[in-house]
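Starting off with a structure, shown below.
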Amino acid sequence: MNKVGIVGYYQVPPALDHNMGRYELIFQAVRGALDNVGLKHKDVTSVVSATNDYYDGRTISNCFTVEAGGGYMKDETKVEMDGAFAVHYGMLRALTGHHKLVLVWGGSMSSCYPYSSSTLLSTDPTFERPLELINDMTAGAFQMRAYMNHFNVSAEDIAQVAVKNRRNATSNELALPESQLPAATTEMILKADVLSSPVTELMYSHPCDGAACIILAPEQQALKIRDDPVWITGVGYSQEAYYLGDRDLTQSQSMKNAAQMAYKMAGVKDPKKETDVAEVFEHFAHEEMIFSEALGFCKPGEGASLSTEIGGELPINPSGGAMSGNTPCATGMIRLIEAAKQIHGDASEHQVKDVHRVVASGQIGLCAQNNILFVLERGGRK
Amino acid sequence: MSKQQAAIVSAGFCEHASKRSDVNMAEMANEAIQDCLNNANIEMDAVDAIVMGNMPAFEGANLPELWMTDWVGARDKPLIRVTTGGTTGGSVAIAGYYHVAAGLPGIETVLAVAFEQQSCGNTSVGLSSVALGEISIVNALGLPAESAMRIFGAGAAIGIASYQAINYMKRSGCTEEDLARVVVQNRRNAAKNWWTHLKMPDYTIEQVMATPYVSYPLRFGMVTPASDGACAVLFTREEIAKDTVDIPAYVNGVSSVANETGIVGYAAAGAGQLDPCEQLGAVESAKLAYSQAGISFPEKEIDYAEVYSPFPNQELMWLERLGLFKENTAHLRYRDGTTAPNGELPVNCSGGVNSTNAIGASGLERVAEAALQIMGKAENQVPKTVHTSIGHGWGGCINFVTLTVLSDQPRRK
Amino acid sequence: MVKLEYLKKEYEKTRQMPGKWPLSSYRYKFNITHFQPFLKALKEKRLIGLKCRSCNTVSFPPKLVCGKCLVQPDQWVALRDTGMVATFTANYMKDETTGELQSFPVIAIQQDGADTTFLTQLNPAVKFEDVYVGMPVKVKWKNQPEGNLGDIEYYDVIDDATKKMKLQNE
Amino acid sequence: MTRKRIEITTGFVQADYNFWVGKYMDKFYDGLESKQVLGNRCPTCNRVFVPPRKVCGNCFKTIDLSNNWVKLKDTGTLRNFTTTRIAVSEAGKKKTSEAIPIGMVQFDGSDTSVVYPLLDVQEKDLTIGLKVQVVWNDELKGHPRDIKGFRMLKGGER
C-alpha cells in the first residue's frame, strides 16, 4: 500500500494583530518549512494553498501569493477551506505519483476583517443572511445548549475543557499569548464575558493572524528526505446538513462519518486503545467533547468523564488545541503539525510520552458542518 | 490506496443566460447535477465524493458549498471546494481527477460541480477587488487614489486581454478582422448548443467590426458575456467507467502551473511577465500534462481543443502556447478553416468562453465538452473521430493555467 | 450602443435578497520596509531596483520575494531613468462636461536595467494611437519630490534610438 | 538596517449583491406577505421543510413546485435559544444595540426549525419546549423580516 509522509512543517507564531504583511507571513511559513528539513524550493513540484477570499478581502485570494507561497512555475492550486483539507488534497496529489514533493500552506489575518462577520456571509443568502442572526458564535451557543440539555451536562464540565486547553497552551511556545492561562479555573471561564449565552469568551477559540506550512512526500521519497517521516495512514472527511434545524446538534454526524472512513483506512478497531493523542480543531470547548464522542473515545454524552489532560488516559489537544490560536485556514493544519511533533517527540513542554499514533482533525462551517480526520503514525512502526 | 486510471463518464449543464432569475445559485447547480446524473443513468447514491468550485466574490456568498449541501447531494458525503479564480472550473476538474486517481478506498466515483450566478453580483467590483489590496498599497505609497484606480482599473480582465491583444498582434501580424473571425466561429458554434448563452447563428465579421472599441483592439462585439450557469462532470475509475458508457473519456494528463502575477503585481508580487503573450505557465503546463499523457507531438496527436478564451486574441495565443499551432500562425488556421467543426483541428465547438462565461464554471465546461467530443455525445459533435482532446483554463492575473488531456484510450502504462 | 441580437430566453423573475461585501471595512496590512530605500531614492530623483543575489533578476518596483528562488532580494542597484514600453492599453473615460468618451494610454514599462514591468502613466499629451511596444520613455520627475510614488509624474516619450540607428546605417 | 514599517490601508469599494431567491422561496415570501407560513413536503420521506426547498437533502429527490405545499399554523415550539451580546453585522461592525434572545423555533407541522428573535421575554424565563407564536411585522414586504419574531404562549393559550 502506498502512503504519504509528512516530512516538514512550520508554524508562524500567531498574534491577534500581527506586525506583519500578508505576503511576509506566508513567506515565513513556506520558507520556514523548507529550511527546517533543508529542502530547496526547486525540489517542490506542487503547491496547494488554503486561503479564503472573504477572510482576506480580495477576489482570487491566491492570485498574488504565487511568489511568496512558493508556487512559481509549480503545479499550483487552492482549497478554500481549512488547511487540513488542503493537506488532504496535497496527499491525493502525492499518492498519484505525479508529484514527489507537495508543499501545502494555509493562513489568514483575522485582524483584516472580523471572522464572525465572514461566517455571517456564509449563511443562506436567500433567507438567513438578511436576518443577520446566525454566525459562528450564535450557532456555537445553540449547539452548546443542545448538548447540555440533551445529555444533562453542566456548564462546569464544558468549562473544564477550556481550563485544560488554556493551561496546555501555556506550555506551547507557539500558542497565542492571550490564550494562555496558567491559573485557569472553571469559575474564571464561566465568569468571563458572555459571547452568546451560554458560551463565554474563554470557551471560544479566538480568531487571530497566522500561517502554517506542511511538506508532504510519497513513501519512497519521504524516506529519502528523513528517516522518520510521519505517515498519514488514514483520512476521512464528510459534510453534513447545513440548516441548524435539520441537524442533531448534540452530536457530530460528519465527524462520525469521517472517523469511520479514516479508521477503516488505517485499520483502527478500538480507537480509544489504539490512539495515543488526539489533536482536534475545537472551535468551542463543547465541540471537543462532542468530537471525542464521535471519534469513539467514549459513549455519547460521556465526553466529560474522559481523562484528556497531558498524562491522562487519552490526551486531547496537549497543544491547547484551536483555543491556543485559531488562525482561519491554518488551524486544522496546525493540529496536524502538533500531531507530527508529538510523534517526533518535538513537542517540548507539552510532549506526551511514547506517542505512536495520533488523530488530528480540521473543520469548517457552522457547528463544524464539514470535518476531516487524519490518522498519523510513527515511521518504521508496523 | 493504489493508483487508479480515472475517466469521465458524464457531463451536465444548466441553461446559461445573462440572468437566471428563476433559480437561486443552489437550484442552478442542482440543475446541472441532475442533468449530469441523468445522462449517465446514475443515482446520487453512487457518488462517493464531491468537488465543488466557484468564484465566491462574484456571488457574494462565502463558502457557498456549506449552504448548498442538500442541493448538490453532499449530505453525509466527503466534499472539498477548490477555487482559483478563472481557472476554478479547470481546478475542480483536476481535483476530481486526483480524487479518483489517488485510489483512496471508498472513493471511486466523484462528482465535480462548478457554477457562477454573476447576475447576483457586481462583476466589475468582483474583478477590481482582485487587485484591491495592491491598489490600496500603491495609494498609500503616494500615488493618488484616482490615478491608482485608473491605471490599475485598466488592468481588470478586459484590460489584461487588451495588453495581450496588443502584444499578440504585434508578434503575429494578425488583423482585427482575424480576431472578429474567431468570434464569429465561436458564436455560430454556440448556436448549436442548447445550454450556451450568446447564440448567434448569423453573426458576421462585418457585424463585429461595426461595433465600437471597448478597449483597443477589442470591440464590443468580441467581448465575452457575463453569464449565469453551472456544469457538473462525473469522474470514476476505469472499470466502472467501462460498465457505465461505451466510450469513456480517460483523463491522462492534468496540470496547473502558476506563473508570476502579470502586469498589476506590486507590493509583494512582481510583474515578472514582460510580455503578457509569453505565457510560460501555459507552456510549462502543456509540457507537464502532455508528458503525463505520453503525447510527444501535440500538433499531430490532439484532435480537438477546448481553450479558455474570453477574448478572441487569447484563443489564438493559447493554441500556439499549448503547442497545437506554430507560433504566430494560429490566425492563418482560422482563415483556412482548420479550426471549424469539420476542420482538421476543431476548436471550441461549444462556442467557448467567448459565447458563454459563467466564470467559475467555464473551466469545467471546457473539460466537459472536450470529454463529450470523445464520448461522441457532444451537441455540436465534430464529424471526425476524436481520440485525444484537451480542456484548458485560464485565470488569476494572467498567471494561472489549467490543462486536462483526455483520450479514448487509458494512459500507456 | 450597438445592440447585438442573439437567441434569447427570458426567465421568470423571482425576488432578490440584498447582501453586501463591505470591502471598505477591511484592513490591508503590508510590510513596506523593503520599499523604503526605493522611496528615499525617489526623493533624490534616483531610481533603484532590487536584485536577487541568487538569480540576478532586478525588480522594479522592488519585490518582497523573488518567486523563482523563494528568497527575499536585498541588493540595491542603480537604474537609468529611461525605459521602454513593454505593453500598453487604453483606458476610456467619459468627459464629465461634454459626455464624450476619451481614451488615454496606460502603459507598463520595463525600466532599463530591470527585468520586471512597472504599471504607470504616460505623458497625457501623447495620443494613444502613437504608443507602441518598445517605445522608449523617460521619467518626468515632479519638481519637488517627496519620497513617494507620486514623484514620478509620468513617463515622457524620447527619441527612438533604433530609428536613428537605421538612418545612420543608410 | 531600515526600521520595519507596516502600512495599513482600507479598501475603498463595497460590493453589493442581490441574490435571486428562486421559485420555491419566492412562493414562501408570497405567503409571508399574506401572513401565511408555507412549507413543502418531501413526497418520499414526508418531512416538511420551512423554509421550503427544491431538493430534500435526505432523499436527494426534487420536490415538485406545483404541489407538496403545506400551509402551517403560526404557532410552534422553542427548540433552542441564546442571547447574543456581541452580534455582528455584514458590515463587519459589532452591534451595540441591546442584547435580545434569539431562538430556534419549529413550526407546528414542520420537521425543521428557523432562527428568529424572541420577543418580550428574558432569557431566564426561557426553556426548551415552550410554545411560541409568530408576531408579524406591521409592514409586510415579502422579506424574512416580515416575521418580527416569536412571542411566548402562556399555558393553555392556543
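We call the chains A, B, C and D, going by the order they appear; numbering starts again at 1 in every chain.
Please note the rule applied: a contact is a pair of C-beta atoms (placed from the backbone, for glycine too) under 8 Å apart; a residue touches a chain by one contact, two chains touch by 3 or more.
On a predicted model such as this, the values are computed, not experimentally measured, just so you know.
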Chain pair with the higher count of C-beta pairs in contact (A-B, C-D): A-B
Centroid distance [mean C-alpha coordinates] between chain D and chain C, Å: 49
Whole-Å separation of chain centres (CA-atom averages), chain A against chain B: 33
Euclidean distance of C-alpha centroids - chain B vs chain D, Å: 37
Chain centre separation (chain A, chain C; CA means) in Å: 41
Multi-chain contact residues (two or more partners), chain C: 12, 14, 16-23, 25-32, 63-67
Multi-partner residues of chain B (each touching 2 or more other chains): 19-24, 57, 60-61, 69-70, 75, 120, 125-126, 129, 132-133, 136-137, 140-141, 260, 265, 267-270
Multi-partner residues of chain D (at least 2 other chains): 4, 6-7, 9-23, 25, 57, 90-92, 143-144
Touch-based graph of the chains, sorted into line, ring, star, complete or other: complete
Chain B contact footprint on chain D (complex, rising order): 7, 9-25, 53-58, 60, 62
Complex contacts: residues of chain A adjacent to chain C: 18, 20-24, 27, 30-31, 34, 41, 54, 57, 66-68, 70-73, 109, 111-113, 117, 121, 125-127, 129-130
Contacting residues of chain A [partner chain B, same complex]: 1-3, 21-24, 47, 52-54, 56-60, 62-68, 71-81, 85, 88-89, 91-93, 95-98, 118-119, 121-126, 235-242, 253-254, 257, 261, 264-265, 364-366, 369-370
Footprint of chain D on chain B - complex, ascending: 19-27, 30, 34, 44, 57, 59-61, 69-71, 73, 75, 117, 119-122, 125-126, 128-129, 132-133, 136-137, 139-141, 145
Contact set on chain B toward chain A in their complex: 1-3, 24, 55-58, 60-70, 74-85, 91, 94-95, 98-99, 101-106, 126-127, 129-134, 254-261, 265, 267-270, 280-281, 284, 288, 292, 395-397, 399-400
